[in-house]
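All chains are identified by letter, namely A, B, C and D, in their written order; residue positions are counted from 1 within each chain.
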Amino acid sequence: MTFYPATLQELIDEFQEMDDKRERLEYLFELADEVNEFPTSQWSDLSRVRGCQSEAHVHVDVAEGLIHFQAGADAKLVQGLMGVLTLALEGLAPAQALAIPPDFAQEMGLTNTLTPSRSNGFRNMFDKVMSEIRGQTEG
Amino acid sequence: MNIRDQFPILQRKVNGYPLVYLDNAATTQKPQVVLDAMSTYYAHSNANVHRAVHTLAGEATEGYESCRTKLKERYNAERVVITSGTTEGINLVAHSWGRANLKKGDAVVLTEMEHHSDIVPWQMLAEERGVELRYVPVLPDFTLDMDIFAASLEGAKLVCVVHTSNVLGVRNPLESIVEQSHAVGARVLIDAAQGVPHASIDFTTFGADFMAFSAHKMCGPTGIGALLIAPSAFDEMVPFMGGGDMIETVTVDGSTYQTNEHKFEAGTPRIAEAVGWSAALDWMDSFDLDAEHARLVDIAAWVAQQLRDLGMTVYGRHGPDDAAVVSFLHPTINSEDMAHLLDARGFAVRTGHHCAQPLLQRLGISGTVRASFYLYNTREEAEAFVAEMKEIVEKFA
Amino acid sequence: MNIRDQFPILQRKVNGYPLVYLDNAATTQKPQVVLDAMSTYYAHSNANVHRAVHTLAGEATEGYESCRTKLKERYNAERVVITSGTTEGINLVAHSWGRANLKKGDAVVLTEMEHHSDIVPWQMLAEERGVELRYVPVLPDFTLDMDIFAASLEGAKLVCVVHTSNVLGVRNPLESIVEQSHAVGARVLIDAAQGVPHASIDFTTFGADFMAFSAHKMCGPTGIGALLIAPSAFDEMVPFMGGGDMIETVTVDGSTYQTNEHKFEAGTPRIAEAVGWSAALDWMDSFDLDAEHARLVDIAAWVAQQLRDLGMTVYGRHGPDDAAVVSFLHPTINSEDMAHLLDARGFAVRTGHHCAQPLLQRLGISGTVRASFYLYNTREEAEAFVAEMKEIVEKFA
Amino acid sequence: MTFYPATLQELIDEFQEMDDKRERLEYLFELADEVNEFPTSQWSDLSRVRGCQSEAHVHVDVAEGLIHFQAGADAKLVQGLMGVLTLALEGLAPAQALAIPPDFAQEMGLTNTLTPSRSNGFRNMFDKVMSEIRGQTEG
């Protein structure tokens, strides 16, 4: 049994309760508002998440030992996924963040809501963010 | 039996809602008779074809070749090579005819409306051989610039044109294109992937030299398609892939090739697929394709107008000869989001560049949402789709 | 469930007699689970793959890609390109690797034991590029002349060898061939069409650079196969066919390509076939392939001896690593007549050159009768076959 | 209703009565003995029947208004098919021969006994013989 940060656990519970896909999508759309906007002017090849259909960019800062996560995307759904990551990571200590297992998306039911290639896209986003956190922590 | 009852997949629910399948330009669904034909083949006659004397091999050969015979009759074509699909068919022309007949400085005329499958093979050939590619632009009314087309013909050896655009649904003025091309001695390849599902075509009367299409876009199985070839063009072709079945004799010093279509069908062919496609062709014979086409274009034109009324930009014109393909964009709702919202209610549409990036570049966009209709789609489905779109726009715009 | 009950075709009667299918080297039969997997795919999830967001497209993509994943795991290969079969796989190497890496004067080493599919592509390349072909002869004991092989390696850039001969059943000394070839810097292509049905192969440990095979020879559907590629060879390959799905971006000025296997899979892929093959691979996992192979070779060796006792010449040796393929000739009874007589009693065997004319030329014959055994064949069938042969010889010799 | 020359009609009747494939094959093998041998020394590209697996050669002479048919093949089955043609044609007047419809093979049940490619081979043989008869009659 994995323990998730409280906000993430809440999110997972809430998401699991919905089984209508439309409801889940709408919920994700709402989560798009949680994202700290990463201005398009700063989008670059470095910030791009590979394997997403539409443009998706993420940016991580670890300042004073806490994670600050910014992101931006064309599609609201992708912004919603970024919202999930925001709720999961924003303000955490790197060690806490790095302890989150990648399959939380599966447990949450996110992967069921997405097609396999979008799931992959989310996984790529997660991996990219984690590796940046790792990089900035070790660096 | 009601047509929809013949398609097992149409009984399916997606995310709790009845499937409304509007991704037919990508691939079509298969009636039960097609699945049965393939299963029966495997359960009863499966064997490798040609050259064997046992009963199963005879049945398999007959099954495979009868697909060719049906295609010859249906399209009035003398030469029908069985391929794995439109893409292989066009690559076959690039290799077998192109490499043997095009040299540095020769021009190939394409259009901006082509599917990637009718662009990339020519780009590869152009790079390898120094052949010049000329692209006919698409005008704001979604038709080809026929003035530039005419001007492009000088020195052209081959003209490659899509019968019907998979993005716009626009059917090109092929008769005129063939006539003008032949007048300058250029051969014509027609990418009919989106044409044959909707139109009855007499290849010989039509007068084109090559015509490629895929079974999976006309209720047939995946993994098979055909290339129709005019006899004079056929005689100019050299082999593409080498292997079993395409040879007459092989020695360590060299080989001689078959002289019929087998020359271009190396290796064990798509036997079960040919049997399935035969069944699909028979099944399609039970329809008045022209009448069905009129019904579907009517639906498409209506949907297009409804979407315009909802504030969408629609790319296409939906004239009587066009396909029932509706490509559109909403000014603020992202296409992928739209497709996800639709999918949540059982509607299957496609988003993205539809393998036609040069066309989209010309239109100044990077993708569309595309709803495409086929034989089993109903007016009621179209209405449900429009109602759903209305709800989405009201809620998410 | 008894294995034979899982194959609907084995319940069939041919000319009034139970089918005894001994044409497995040409193609194998399919268990019901494979037919069911394909029908279920078509009846439930059929859609075009990649790039779409709707549920069906997701399921279809997963179905297609899971075939690749299974092949990667089964053969421990990093790169698996889905092809239409062995023949396309070898032609893909000739085009994508050969044309990019072989120039005038380079040598390609083949063997006289190759199937036409592993000869003709190289002859075509040789003619086009001035590449030299060297054929390793077959000795009277039906093995390769390894001295000549070693001597052929100087200046060789590629060695193409059949894993197991489809005429002789002889399995070649691949480990030694790979080692010697790599020692001179030559890449190695293995035609494993007859190898994978019988042998478990770890491609990475094996060390070859390319390995091609077909699904239909291992209980999978027609129209699909795979090419395994070593990563370093993969990086040396240029695209073969152009079209949808293999590109990253297309503009009128040129295109960029995918960097993974999709680069070599232009057009709508063989989706249902991949789903069917996946099911076949799962099904085969339920067998101890090595034990089954031992059983079948044992049967083949016994049949071979019985035929010799009946006055036939048998071409092959039936050692423990060889395939259960028995090629033979009767001194006076014509092969075709033999096959017809056998067919009249339900036995399916193949006659002819088996797409290996150079081998037959070396053996001084123009064809053989070939009986080949697979998983569902029994000792009793072999005995019935021998009894039937006895009757034929007594009556018609 | 077509009328066949008497020997051919007899053959058709006899063949139709057998429904075991083996029996039919054996019968065809016997018919091989009816063939007037066309010596292999005279086999040439001109005499070859296309589309047969094995070598098959035919030769027609119309002398004094009557057909003389010679043939030879590797396979006994093919010789048997030649025997059928021999019984059908030998000694007929060209006009009688040319009146034989090609689908007699179907009516006879020959085509069922053969695989499609052997049926085609037989059809090629029949067509070749008929065209030579025609050529020698008109010429």
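The definition used in the following text is that a residue touches a chain if its C-beta (ideal position, glycine included) is under 8 Å from a C-beta of that chain, and two chains touch if they have at least 3 such contacts.
Because the structure is a prediction, the values reported are computed rather than measured.
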| item | value |
| --- | --- |
| Partner chains shared by chain C and chain D (touch criterion as defined above) | B |
| Pair of chains joined by more contacts [C-beta pairs], A-B or A-C | A-B |
| Length of the line joining the C-alpha centres of chain A and chain C, rounded to whole Å | 46 |
| Separation of mean Cα positions, chain B and chain A [Å, integer] | 39 |
| Computed distance of Cα centres, chain D from chain A, in Å | 79 |
| Interchain centroid distance [CA atoms averaged], chain B/chain C, Å | 30 |
| Of all residues in chain C, the ones touching two or more other chains | 15, 51-55, 57, 336, 340, 343, 351-352 |
| Junction residues of chain D - those touching two or more other chains | 53 |
| Pairs of chains found to touch, sorted by chain label | A-B, A-C, B-C, B-D, C-D |
| Residue ranges of chain B in contact with chain D within the complex | 50-55, 57-58, 61-62, 65 |
| Of all residues in chain A, those that touch chain C in their complex | 53, 114-118 |
| Complex contact set, residues of chain C against chain D | 15-16, 334-337, 340-341, 343-345, 351-352, 396 |
| Sites on chain C touched by chain B in the complex | 8-9, 12, 14-15, 19, 21, 23, 26-27, 29-30, 32, 34-35, 38-39, 42-48, 51-57, 84-88, 90-91, 94, 112, 115-117, 119-124, 127, 133, 135, 214, 216, 221-224, 239, 241-247, 249-252, 254-255, 266-273, 336, 339-340, 342-343, 347-352, 355, 357-358, 361 |
| Chain C-facing residues of chain D, complex | 20-22, 24-25, 29, 53-54, 74-78 |
